[in-house]
Structures are given as structure tokens and as C-alpha cells.
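Per-chain residue numbering starts at 1, and chain names A, B, C and D are given in the order in which the chains are listed.
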Amino acid sequence: MRRILVANRGEVALRIIRACRELSIETVAIYSEADRTALHTTQADEAVCVGPAPAEQSYLHMQNILAAALICGADGVHPGYGFLSENALFAEMCAAHGLVFIGPSSQHLELLGDKARAKAVMEEAGVPVIPGSGVISSRTDLVETAAELGYPVLLKARSGGGGKGMRLAQDRTELLRVFDTARAEARASFQDDAVYLEKCLLGARHIEVQLLADNYGNVVHVGERECSLQHRYQKLLEECPAPQISAELRARLGAAALQGARAVNYRGAGTMEFLVDPAGNFYFVEMNPRLQVEHPVTELVYGVDLVKEQIRLAAGEPLRYSQAMLSPRGHAIECRINAEAVAPGSRPIPGVVEKLIVPGGPGVRWDSHIYQGYSVPPFYDALLGKLIAWGEDRQEALRCMERALQELVIEGVQTSLAFHRAVLRDERFRAGSYSTDFVRQWLAESEIVG
Amino acid sequence: MRRILVANRGEVALRIIRACRELSIETVAIYSEADRTALHTTQADEAVCVGPAPAEQSYLHMQNILAAALICGADGVHPGYGFLSENALFAEMCAAHGLVFIGPSSQHLELLGDKARAKAVMEEAGVPVIPGSGVISSRTDLVETAAELGYPVLLKARSGGGGKGMRLAQDRTELLRVFDTARAEARASFQDDAVYLEKCLLGARHIEVQLLADNYGNVVHVGERECSLQHRYQKLLEECPAPQISAELRARLGAAALQGARAVNYRGAGTMEFLVDPAGNFYFVEMNPRLQVEHPVTELVYGVDLVKEQIRLAAGEPLRYSQAMLSPRGHAIECRINAEAVAPGSRPIPGVVEKLIVPGGPGVRWDSHIYQGYSVPPFYDALLGKLIAWGEDRQEALRCMERALQELVIEGVQTSLAFHRAVLRDERFRAGSYSTDFVRQWLAESEIVG
Amino acid sequence: MDFEQIKALIQLVDSSGITEFELEGGDLRLRIRKASTPAQPPAAVPPGAQLEPVAAPMVGTFYRSPAPDAPPFVQEGDAVSPGQVLCVIEAMKMMNEIEAELSGVVRQILVADGQPVEYGQVLMLIERRA
Amino acid sequence: MDFEQIKALIQLVDSSGITEFELEGGDLRLRIRKASTPAQPPAAVPPGAQLEPVAAPMVGTFYRSPAPDAPPFVQEGDAVSPGQVLCVIEAMKMMNEIEAELSGVVRQILVADGQPVEYGQVLMLIERRA
């Protein structure tokens, strides 16, 4: 590949530009009118304005993005995460115009985008899946299926992602109450109001396995990540490796992920998401056919550049790693610094970064598109940057992250820094055995909302 | 240790504060009146002004620094590099007042500070040393000794460091001409005008070995660093491991460094400097009994935090590593970004950092005390920050460094960025077999001075 | 020539006294026109005249005529009325006609035939007339 | 109490109307004095009077008297002349006498007895007299 159009913005667009530069691949950035002075716009070799600020008219405007790719002579398109990254039609359009879509095929995106179908395929392949239903056809079906599964249950959108159209129900009354809202949200977000039910596992942990697969049948996993620290189904902190996991469970998770990837003939970089219950049973939830926000923790521990590998695989190169070559070293933690306090009812507030001091020194990595003087636009997601810390073991990584959080200064916009600092001091978090309930419980008990 | 006074400024003061935080040790910063708003002043738990801007009246003012340490209840003093780090009297005064000096004993500092004596001790211990003389007694002695060694020769200060009092002479006339200047410079810098001669090895490489030693006789080496890229005897770029070195030579260098450290019963972190000639013969030059500016390249490749280890060792802990536990992974490069163009006759010019964009992403580390709005004081050394890049091999590290140099924006002060960017593109440099003559030759041939 | 160079040329022409600029590949064909000696003298722009930009509503390739051998939709100096086609932008093999939204006179065409345009790029300036 | 707290206290007192502040450990003894009710009324500072700071020339511990049971070198309101000892700063077991460099009246003593001072810290203010 010679020239890649980066169909995204923010830190992930920069991340892809960095990988391309290191591979001597030219980059074409796209930007909305709100991102004219954004770093991804200025750092790429070329930049094309593809529309006004709202994402539907710019970062989601397939025609303008493809026209920019063709006009600029790009031979590949990297969608990043979010936006068009899981859009099967976009992948197909890229292919139709002779552009390499850096991700799996549109068929994979279609299959894995239908969460219910993906589960069925995995179950058939022998991967344990989370108990749940097919698409709910009626209120009667809803109530009966929930009774069979047993409360609490999770209502989820078939085409969902990022927690949208997702609702927890403790009983029949609550379930009936949230049914319509969930469907409306799913329709608004994904143009598909089909929802299904899933058993809600109490005290479960969200653990995912990173995969890399080439076009020639070779698949490796690059360890697991702990992603249980979530607020409103949005991850706020991730770790690699998952703490408090036995070597035996780790091996079983890796094997199941490989099994699942092989079952669908997966290609490129992807992630198998599992829920792990307190007894050590695990269940497939979904497969993310793209780069994950939290990929840096894996990179630091395994010494692998996942974005460079993803591009190499998309270009048709064979995998450069065997499973035996991939061994973890130390521990890494990522904090997603958002332009938003973590508190009930909080919302991101746009503003200008009036002062920025970026942490440095050993073990610290900062993936971010902000700079002193940057104006945070109100149109996109609230991620300001990802602070990642590495240490020889979890204890050292925690200490490194604590001091990096202490060093990081962002003035002018509200941030999640106070939350992250407080969580890092929390004894239960430090013990490493927290589940997806952690933040909800913690917010209920805590006064820290800053 | 509970509380450490950091007897330094700039990036190294921050580096030590970072290590202390990760060890849950409180820090006391000292600052001159010129550094009231410096990051090391604001980041430490406490900060004490120890004098006006000139270093002799602040960062070198032993009495004020020790008074600050005692008044603030510090139990240790970390001298960093430069300033008082190799001052035997200061180490002794610390000890006399019950403060742990984080470095070797004053006896070690005295022995190793006398470069001629250090060489004699190493020679006795069976470490090959660079051919040279004892202290030169007269002009006759000078000329005769030089004739015996053979030109070119290096005139060096007995108490020297950082290239001060150092002169290269191609013949007898030049040697006689530089003799007085070198002595005057040595007197001004080290209050000691004793100089000695050393054979100048043509095409030699400057390679040093990192050591860690505890108080109980355990010593390990943490690999070698290539430091041949120098201008006026000042290092500008370092690598770990040294490129184009055979495994056999690497092993011999490591063994010689251990032998040397054991010969002087060394304690703490230190570095053995060698010159390696094109035939693969190596010679001891000197031992640096302190933290080195370029320590991060070793940290990235070996996964060891040298400053934390140094503090642990000074606190009397036994070494946590055996030699077998220390294995390199990948390759790291450091560029010293100075407030000064690299060109004949260039000088640092103070100014205000009007814009700063720090590189991020995988493999990149930035150790720096500057921030947007920081005013570079004219009183101290010109180092603005150290940009360090890691990759799975030298090729990947070079690519990572290239794109990081491309991302780094420092406006408002002159920098060495243009030099570093140009060197990274140079084919001889990329081939990895450059010697200490490289920059001189390169500047002579090149037009890039930016 | 890459996108950046083209953009630079456009900006250069835009900020200069030049009103038309052509360039061809192969054995090179260059053509530069200044406003002071136009092929067909446009009505002088009276001081205080209101120039309205026509911006590209999409990313694509700008064409001044419906086909390679057809005459251009408009020339500098032409009077135009709302709904009149000014140019086309080709995007993904689709020809998108760009229409005038006001009555006026075409004062300046800022993009050369066959050149790529990005969203929001100013294609021409029209002097508003009642 | 750490150095930072002490500095904060000094600044608080400095910026307030309080002229004297004492604090003891153990069972706590606190004493605050305001300028409006001084123990020994200092001569009023005439408007426009020139107050000269006496800054610490070294890091150390500030003492108002030569020995714990001795009277202080100077009190607020005292007239002083060049060379007169104002206080001592103990550093590394050495007692360093700080002398007045001008003639005037001690208007304010800003540091409490026995407190640490850093380089350049203002110890007292002297109103310059001819």
C-alpha cells in the first residue's frame, strides 16, 4: 500500500497516521469544517474537507469520503473505530472502487454486526455464548423469554454498539417500561429497531481477547484485556493482562478466541468479547471486527504495533508472528480521559484547552489529538486522550499511572481526571477483582464527582 | 527512604520526582530564582528557593541545599547528573549530616573523579585502558609523552567531564598551542588545572555499559549504549543496543564492565565508558559514578527503571535482578533536543516556548521539563527534552523516531530538531556503523544547520 | 501534481491579478490570463459590488462543461439567474449539477476544469444583481 | 506542620491585618495580634512611607534572638541603623547574623521565631528614614 485515506478524526486518526508514517505510507486525512485546525488535519500528507461539522454530513458521508480517496489516489481506507468502521456497505463500496478497506470483508461485518447471528455461529463452533434470545417479536415474547432466562436481563440492539439501545431490567415491570425506549434509541442510532434479550450475569467481568489473522488461515491471539471498568456501558479504564485470572482460564480464553476466529474465517485485527462469571465460566458476547480504543495496553505488554500489523495484513502480507513469539512483559493500564466528569447526569461540555501539560518519563504513553489552544468541538465523542502506563507488574503499572495522572494538567475543559485519580486510590480496584458493576456501586457510595 | 531532596533542575529533576512518586517517597525540590515557575518546582511535594539564578549561587550552593534538606526533614539527596552529582565533598557533607547521598561513596567519587587514577586502577584489574599518560608536569613532558603515544592525541582535564578542558591535537604545534587554553578551561570549570594525554583512536566508537551494584557485592550490567554521535564532545543521540556489534564483543564489554565495577567495589548505578576501535579492540576511558542523561534507552530495552533501582540500592536494598533476568527487547534511540542549532559556532539563545506539540503514540517517550509558555533561562544547559523511541528492531526504532521528530513542534526557541531530522535521514547513520568523527565530518559536508 | 500543489496554485491564482490559468500534462501547455486583458472583457466590477461565493457542496471533480467537447456552462462576465447550471461536480461517477441560487454576473471562476475540489471550496464568485 | 503549610501561614499573615501570629505544639497555644491593638503601638506608618524588605540571604532557620531566653534583637517599632543585627539565620549549625543595611524603623516582622526560611524570603519590612 502506498497511500491510505484515514476515514476518522481525533486520536485514532493520529494513531493511524503515525503507523502509516512508520510504514512509509502516505496519508490523506478527511476533516469536517469543525476540524480545520485539528492535528489529524495538519499532520497528514494531504487533507480534504468532506463536509460540515455534523458527523452524518462529514465523517459518515460515504460518498464524499470515497470521492476524496479516489481523487487523492489512495489505495486503502482505514476507518479507525466508530464512524464507518463496522459499516458493511462502506466496506463494499471501498472494494467496488478498488480501495483496500483496512478491516475484514463486508460479509464479516454483516455477520458480526448482527449480534444474534454472531452468537449463533459461535455457539455452533463450540464457543460458550451468553444465554439469550433471538430478535424479540412482541411484548408477549419479551416477557416470556425474560422469564425463561431469569431476571435481571439485558435488552440489547441487534445492530448495537457503544451501549446504545442497551437497557438493564431487574423485573417484568422495568422490562416493559424500557422496551420502547431501547427500540427507539436503536432505531435512531442504527436504523434498526430489532432488539434481543441477554441474561445479565451478576458480578461478571468484561474480558476481551485480541486477535490477528491473515488471508492465509493463520490466526494468533495477543492476550486478553480487562475492560470491566465501565460507566453507562462505556469503558473508562482497561488493563492488560486481566488481573486475578488463572493461567488456566487465560489459556482457555485464548483458545476459545482462536476457535471463534477460525469458525468465521476472520481476517485482520479483531476482538472477541467475553463475560467471565465469578466461578470462572466465560461466555462469548460479541466480536468487534475493528481496532479497539484500548489496543495500546496490548501493544505495551506484547511489544506489537497492532495498527501496523493490521495494515500489513490488509495489504495481504502473511502474519509475522507465531503464537509462540507472543509473550507478555509487565502490565499496562489505560485511562480514557474524557471531556466530561464521571457522575450521574454528567454531559460533555465543549471548551478550549487553555493549559496542557502532558506527562512523560518511563512507562508513560499519551495518545491524544489535543494541544494547548485546541477547541473541543461539541459534535463528536468526548475522548480527549488516552493515558497509558506500563510497569513490570500490576503494582508498578498502578504507581506509574497514579503519578502520570498527577502530572497531567488539562485546564479549560471539564475532564474525567478526578474520577480516574479516585479510582486508582480505591482499594477494591487496586485488589484487581472488580466487575462491570464496579463504577455504578462506586458512584453510589462516593462523593467524588469532579 | 521517606523523603528525598532533588538537588537538580530541568528534566532530570522531574525524572527523579517521577521515580520517587512511584516509590511513594516524598520530594523536596530546590530552585533558583530563575526557576520559580519551573515544572520541577511545582511538581515536587515541597520546593525551597536556594539562591539567585547563577548555578554557583543556587544549584551548586552546598550549604543552602543541605540546609534545605535538613529543614524539610529529607533523609536522602538525589544529585541527578551534572551540578553536584560527582562532587565528593558534597557526598561527604550529606553523609556527615545523616543524609543518604544517592550515588556511590565520596571515596568512589574521589577515585573515579581523578581520571588518571581511575585508569590505573582499571588497568591493574585487567581491564584494557586507553593508552595515555599521567598528569603532565611540563611542556617538555607534554611534547615527549605525545611523541611516545603518537599523534593525534587528546588533552584531557584530570577532573574533567562534559568535554570541558578537552582538546584534540593533530601535531606538536597544535598541542603546544592548546595546552594553555585547555588548562585555563579546566581550572575555571573544575578548580583543577591538571591535564593528561590520551591516544586519540581514529574511527573509534564511544560505547558505554550500564551497571547496577548493591551494598552486598552483587553487580549486574544492563547492556551497552552507543554514544558516538557527539558534537564538541557533547552527546546528541544515543542507542541501545549498540548497532553493528557482534554478540562476542558485546559479551566481552559486559564482562569487562563487571570486572571494573568489582575492582572498585562499586555501589549504585554507574557507567563504564569504552572506546571501541574498528578492529573490535576496546579500551576503558572513564567510569561515570551517576545517572547518565541517556539512561532511558536502556530502560526501554531492558524494562528496568534505573532511577527507581538506584534509589532502592541507595536505601540499602539488595539487587532485585540477576544477570540472567536482564534480557533486551527491541531497540531504543534517544535524541537530545537542545535549545541550540547544531552548527559551527552556534550558541543557545534563551526564549519563550510559544507553541509545543509533544509526540505520542506507540514507542515514544518524552522526558522534558518544558511546556507551552515556558521561558528557557539563559543560565543553565541547553537541554529542552529527550525524545526517545522504541521499536522491535533498529529499523522500526528509526522509523518511530523519524515520525516522532516530525510530530514534535517547538516554536519560539531555536532547537536542534533540524539536525536530528537530517541525521536520521543520513545513510551512513542508518547503516549503524558511525564513529565519534561522524558529526564533525557530517557538518563539514552538510549545509543543514537549521 | 498532487492535491496540495493544486490547492496552492488555486490560492496563488486567487490572490493574484490572474483570472484564468491553464496547464496541461505531457509536453506542457500553459496559459495565463490577466483581468486587464480578458478574452471577452467582463463588465467592470463597480466598487462596493457584492460578490457571493459559490461553494462546492460535495467532494469531487469540477467540470465547467457537460462534456469534454461542449462549451462551458458559464464564462466570466455572463449573467446568470437562479436555477441556471454553473458547473458540474463529478463524484463517484455521478455528475452533480451545481445551480446558481441568485441573479447576478459571474465575476471569477476560481477552479480550473477537471480539478478536484473539497467540500466548501469556493468555485466561483457571482456579483449579486437585483 | 510542613514547610508548605508554614509558607501558607506566612503568606496569610502577610496579606492580612495581623501583625503577629504565634502557635505552639503539644496542647496548642495560639496567639494572634492585630495592628489596631498592638502590644506596644508602633509609630503609625505615614502614607507614602518607603518600606524596604529585608530578604533572607540563605536557606536556614530564622531566630529573633541570639539565644532562646534572650530578648529579641529588634521589635516592631524599633529604630535601626546600618550594621545593627536584626536576626540570625541558622544554617548547618552556623549562626549567621543578618544586619540592617539602612537607617529606619522596623515596621513588620514577617517570620515567626524558629521558622525555616528559603533564599530571598522577606523577613521584615523597614521604613526608610533619612
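Please note the rule applied: a residue touches a chain if its C-beta (ideal position, glycine included) is under 8 Å from a C-beta of that chain, and two chains touch if they have at least 3 such contacts.
Predicted model, so just to flag it, every value in this text is computed and none were measured.
Undergrad: Could you tell me which chains make contact with chain C and chain D both?
TA: Intersection of chain C and chain D contact lists gives nothing.
Undergrad: What is the distance, in whole Å, between the centres of chain A and chain C, each centre taken as the mean of its C-alpha atoms?
TA: Centre separation, chain A to chain C: 44 Å.
Undergrad: Quick one: chain A and chain D, Cα centre-to-centre, how many Å?
TA: Each chain reduced to its C-alpha mean, chain A and chain D end up 61 Å apart.
Undergrad: Compute the distance, rounded to whole Å, between the mean C-alpha positions of chain A and chain B.
TA: Distance between chain centres: 42 Å.
Undergrad: I need the residues of chain D touching at least two other chains; which ones are they?
TA: Residue numbers touching two or more other chains: none in chain D.
Undergrad: Please list, in label order, each pair of chains that touches.
TA: The list of touching pairs comes to A-B, A-C, B-D.
Undergrad: State the interface residues of chain B toward chain D in the complex, per the touch definition above.
TA: 28, 33, 45-46, 48-52, 58, 63-68, 70-72, 97
Undergrad: Can you check the complex and tell me which residues of chain A touch chain B?
TA: The touching residues are 14-15, 18, 21-24, 39, 43, 296, 299-300, 303-305, 307, 329-330, 355-358, 360-368, 371-373, 392, 396, 399-400, 402-403, 406-407.
Undergrad: Can you name the residues of chain D that touch chain B in the complex?
TA: So the residues of chain D in touch with chain B come to 2-4, 58-61, 91-92, 116, 118-121.
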